[in-house]
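Below you'll find the structures, each written out as structure tokens.
You will see two complexes here that share chain A, one where it goes with chain B and one where it goes with chain C.
So, the complex of A and B:
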């Protein structure tokens, strides 16, 4: 724990700038009563770019972990990795919403996005239950509002209501779990938590408290059996916002869960020690949830005819892949006399979160383009997209192949690193589930490609009038950027993996 | 102070909230039940905090109350939007999205 001083504020300037831009946007629309998109986009993107530059310039001098606000937050490699990713995702979201999103006040949407983004940025650095909880809710509550943004549409408000009820339920379970963990260990500070858990031991009450926390996070990351809200929320939410919702909150929740299990429950830390009963039981629980998540997500996705719902189940499956990495922990022999563990799966989770963000965001962006052209979210609306507008079609093929995990696209390397970690930590059965369900997933991803490339627009579609072939400029930009990232990361993926590894190595774990 | 008494009441409030959320189908009652769960959790936190003579738990309670208020404000706002397009309060009747 350190001293609280005003200089600490300079370390959270990125969060202050992003949250400040949100308030500025709200004031802008309230006072000037105009909804000028280009000003709003400039304010939001300018804030995100400034936040990124400030973050890059303001790094701990020794490159290590710096705790600020009495150990409430930490600035380290791990938080920098995720803050950079979230700033990019948030900017892509603002760009995607900026065009073709009529009947909704754009400035308010941008402000809500920026509020959620500031919560995600804080989540990356939270190392205390108090900060972690506030950051999680700062991210989650604006997302409920975003889901209901098209409030004149029944599916949008229905999705928001279901999302909010289940999200608030998860929050309450999480707070109760935090209360018990705090009561048993006497600390809310993650670095002390593993040590105190070791002192208390794996008592039934301790496992009960940890179980509640895992259930709370299970809802937030959309793991089976806590996934019921996901397909509804993604289908009902406006498509450009579904792109953000399916990426930002999920990856942020995975990042926070990684910090909780890595630091709080002692998955990582060769010299600090941890209670083996707690670590092994938590890892086993995560492994079982991961296997169920991969199986249910991929199997149910096959039978979907709505592209957003299919991507919803597919994103559940991808949560499962990331959870495999979070379950990969090996025991190491330490000379300190107590059990220690090495979190071998963590770098692969960071890598997967990074590549998943671009692939999934791009897939929703193309779904939005098709929705605009045809007015439909059915997979059959992709029919003849290649002839109609080749760029989104080619990009969608990249995203679908990437999400399947076909080499040399990034999705393949993401799964490969997770598989390596799983095998290394004796989770061979989980690796097999991952491979088999990935093969199953090819079935529904390739179906979209088949629709785009092989089917001609049939007579039935033609009778409804020719679908528009127009693609808005900003959508072209977003789709090109995400497709480019998905392709490029396959080539320079080693660099991102090295970044993820050094983020973990220099992170507070 | 008798810590156990507080923990029992907190646990009961939380369990009643869980049952209410899972069994009742009226959206307003579900939101009330979630508040009950949060209050059970807050009581547990405050009891532990006082017992441990450590302020962190009480600080957490204050933030948790604030967040719960924000969440309910958004929840009721969505409910108002919902009542304009769906004239129902039963969550089972919200069935446009399924599959």
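So, the complex of A and C:
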């Protein structure tokens, strides 16, 4: 393989800037012993903004895909789409922890967030198992730390332990699968992988290896039956960090999975360079996992009384929705019934990941506000929120309805796009599972609205002290921004959709 | 050309967005409850005026080229092939008028009754007006679906916040029922798009002419579920009494007046033109379900001790007439169904207002606790009497026209269908007159009612506004039938 040249480094300046800011923040605490939040926020946000600007300016001239570091990473529309999203999500996370997050060393939290963010940025561009794995771990390990950030709380440490052990287990399974794949095909480079799989054929060993990889990713994206860690981790993690964990790492893992199946297993362009049997088998496996994930996630969410657990199960269900898009690998002609390979679901996954990030982040941010006001994470703590603090309540209604998929909110268009891909791909049964489980989800999302809008602040709770109505300025900003995105991207969301489509079209697949 | 060429204004867009762009800022800025109500009333009144202008400029000369009038078109989400396409035809024009007239009526009467969280109430009302209007004027399937679902939210909040004791149960039931029906329709819409390549409501029927019967059947089932729940058709009606009883008066008026019509509108706009063969195959079942709804609704209404529940079940019965007319397969029946939709919206809306008038004063809706109201509320007795007679189908009033045409259509379909449905008319006379006798006539039995006041001017004006149209349709229905026949002829050909 060729040597690293300096020009390649300029392409990963965004990652370098973000990782650099993380190290700067660590040095900051070590040398200056200063936990001044405003400096730390400025460093982190400044780095993210600079990274975003650099990324926007440094694009391949022809708008196509540019492979760097001898094919370890690619700079293309797909990676740009997700890197932009991750920079926004990371910045929202820094803003959310900057206020009302007491007894926690803030600068270290921000540094850990930045480390995780740099891993996510790399994941978006990884097209080789080596880089993909390192990026995945660079993202994941800081997240375990973040879960334990409130280490004076027992459940926080316990959740981090569970998350770490299961995450490590998943990583081991994934690496085992990667090793098998390498043994069978002799390559770790995704574009070659698809071709080599074709020569190997859909042998039992090949499917076994791919199965291991799917299991590993199943843990990372929290798909049923590998989801058990999710509610515990979200519940135990400090709420503002749970917001990040439920969005960033999940969407990053979905993005990497999309690249793995799209490029490595040849879902995209499967008519030319991939083994149809492998594609169909893997797509079927994803479809089955998707249906189980939607059903279990939504059904179990109903019985939750803790908002963070409920959002945990709901985020599992949303993984299921995204997997539906990944399972849509054929395009069926309506009049002839003739099917050809075409990864029609991929743009819908990008779009859903984008809109889900804002809705879910916002929902956790409101949960954090309510937790601060009442000291409780129970759904009943939302009681009378509309009268107490109208802005978070109205925003939470937007998030809940958006997650349900009610138009004109952006969640609806996300689901619509995925459903359309499923129908085009002759996955009508999966589309029906999706819509029926969406109705189930309406039940638990509406319960939050009932508490906020339709129940008056009850006398019993008032007797042990009126809950504070205070909302920190930064939380107001974060909630307004995410709610605004949830509303506006639905009504004028055609641009994001077109962006997702062109990202796939100009991506390396 | 029709009148819109001369006016050259995007009338439908104005009609649709007026409550939002004018009403919502005003309601948000208004400090006092009175000002908030006034803002909402003004915005809905402006919407009504626009609706009237659209009705007046509507070209009644049937010409297939002009099937949709006041058309507007813009690309919305080109990546998905979704457009902003509006237009009205004979099927929707009366629904636009109905929605328009109920808006200010509800705003005005809610000014009297909604004392808590008034700002939120009027915001909800304005959102609801836009959502309901949107359902009737959109010609893009996804845009239609957006409005169809969007208006669930304000109604959900309206029942849930300002409703009665079991409001939360009722509102969640309402939401889940309608949402469950709608999502399958969404899959059907996507299946249609997959097979026809378009979301354009105007273009799909032509594509469906030679579509496989299997596709038609699947789409039919999904549409039937969505619209039958909304109408509601027997046996999908169980959400309706709960929602009506718990909803605040304004919510009930819009629920009965407009929301139920959306299901029937869906049958007319989508099911008949897009799945004609499947409808023809299952016509018998649909007719039987309609007749069951007529008789069952009437019988259950007869034994209700609660005034609001009685009227809710009478709605089930009347909407049975509507679906009977729609599926009778004759143009007369469909004309009757549309007139009856309009009439039911006006009459039942007025009846729910009337229940609200009593409930606000007596704080009870139990028929047994009322009685002899005529001695204290003479004007109210006249108003309730008028709409009671309208509801049971007295000639010269609106429902008679609709029911008569529907029955003609039913007899066209079969003698048995006509005869059984006619029994429903007799039953309606029985339960409505008996209700009127127990509530209004006789002497005052309940001492608590001795100081009850008659209805005030606002309520009187609301009743009068609705009564004008009820009389107009009853005495000279040709005005309205002329508007719709062009479109209904297209449905049966």
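The working rule: the second predicted complex is superposed on the first by the 492 of 509 C-alpha atoms of A that agree within 3 Å, B and C clash if a C-alpha of one lies under 4 Å from a C-alpha of the other, contacts with A are read in each partner's own complex, and residues count from 1 in each chain.
Just so we're on the same page, a residue touches a chain if its C-beta (ideal position, glycine included) is under 8 Å from a C-beta of that chain, and two chains touch if they have at least 3 such contacts.
Please read all numbers here as calculations on a predicted model, not as lab measurements.
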item: Fit or clash - chain C, chain B, common chain A; value: fit
item: Greater chain A contact set [chain C / chain B]; value: B
item: Partner chain(s) touched by A:431 [first = chain B, second = chain C, both, neither]; value: second
item: First (chain B), second (chain C), both or neither touched by A:236; value: first
item: First, second, both or neither for A:180, with chain B first and chain C second; value: first
item: Contacts of A:295 with chain B and chain C, given as first, second, both or neither; value: neither
item: Partner chain(s) touched by A:306 [first = chain B, second = chain C, both, neither]; value: first
item: Vertex chain A angle, Cα centres of chain C and chain B, expressed to the nearest 10 degrees; value: 140
item: Chain B versus chain C as contact partner of A:423, first or second or both or neither; value: second
item: Minimum C-alpha spacing, chains overlaid - chain B and chain C, in Å; value: 24
item: Chain C residues touching chain A - in the complex, by the definition given at the top; value: 76-80, 120, 142, 145-146, 149-150, 152-153, 156-157, 160-161, 167-168, 171-172, 175-176, 179-180, 183-184, 186-187, 190-191, 193-197
item: Footprint of chain C on chain A - complex, ascending; value: 334, 386, 401, 406-408, 412-413, 416-417, 419-420, 423-424, 428, 431-432, 435-436, 438-439, 442-443, 446, 449-450, 453-455, 493-494, 497-498, 501
item: Chain A to chain B touching residues, read off their complex; value: 129-130, 133-134, 137, 141, 144-145, 148, 151-155, 157-162, 164-165, 168-169, 171-173, 175-176, 178-180, 182-183, 186-189, 231-232, 235-236, 303-306, 309
item: Touch list for chain B against partner chain A, complex; value: 7, 10, 14, 17, 21, 27, 30-31, 34, 37-38, 40-42, 44-45, 47-49, 51-52, 54, 56-57, 59-60, 63-64, 67, 70-71, 74-75, 77-79, 81-82, 84-86, 91, 94, 96-97, 99
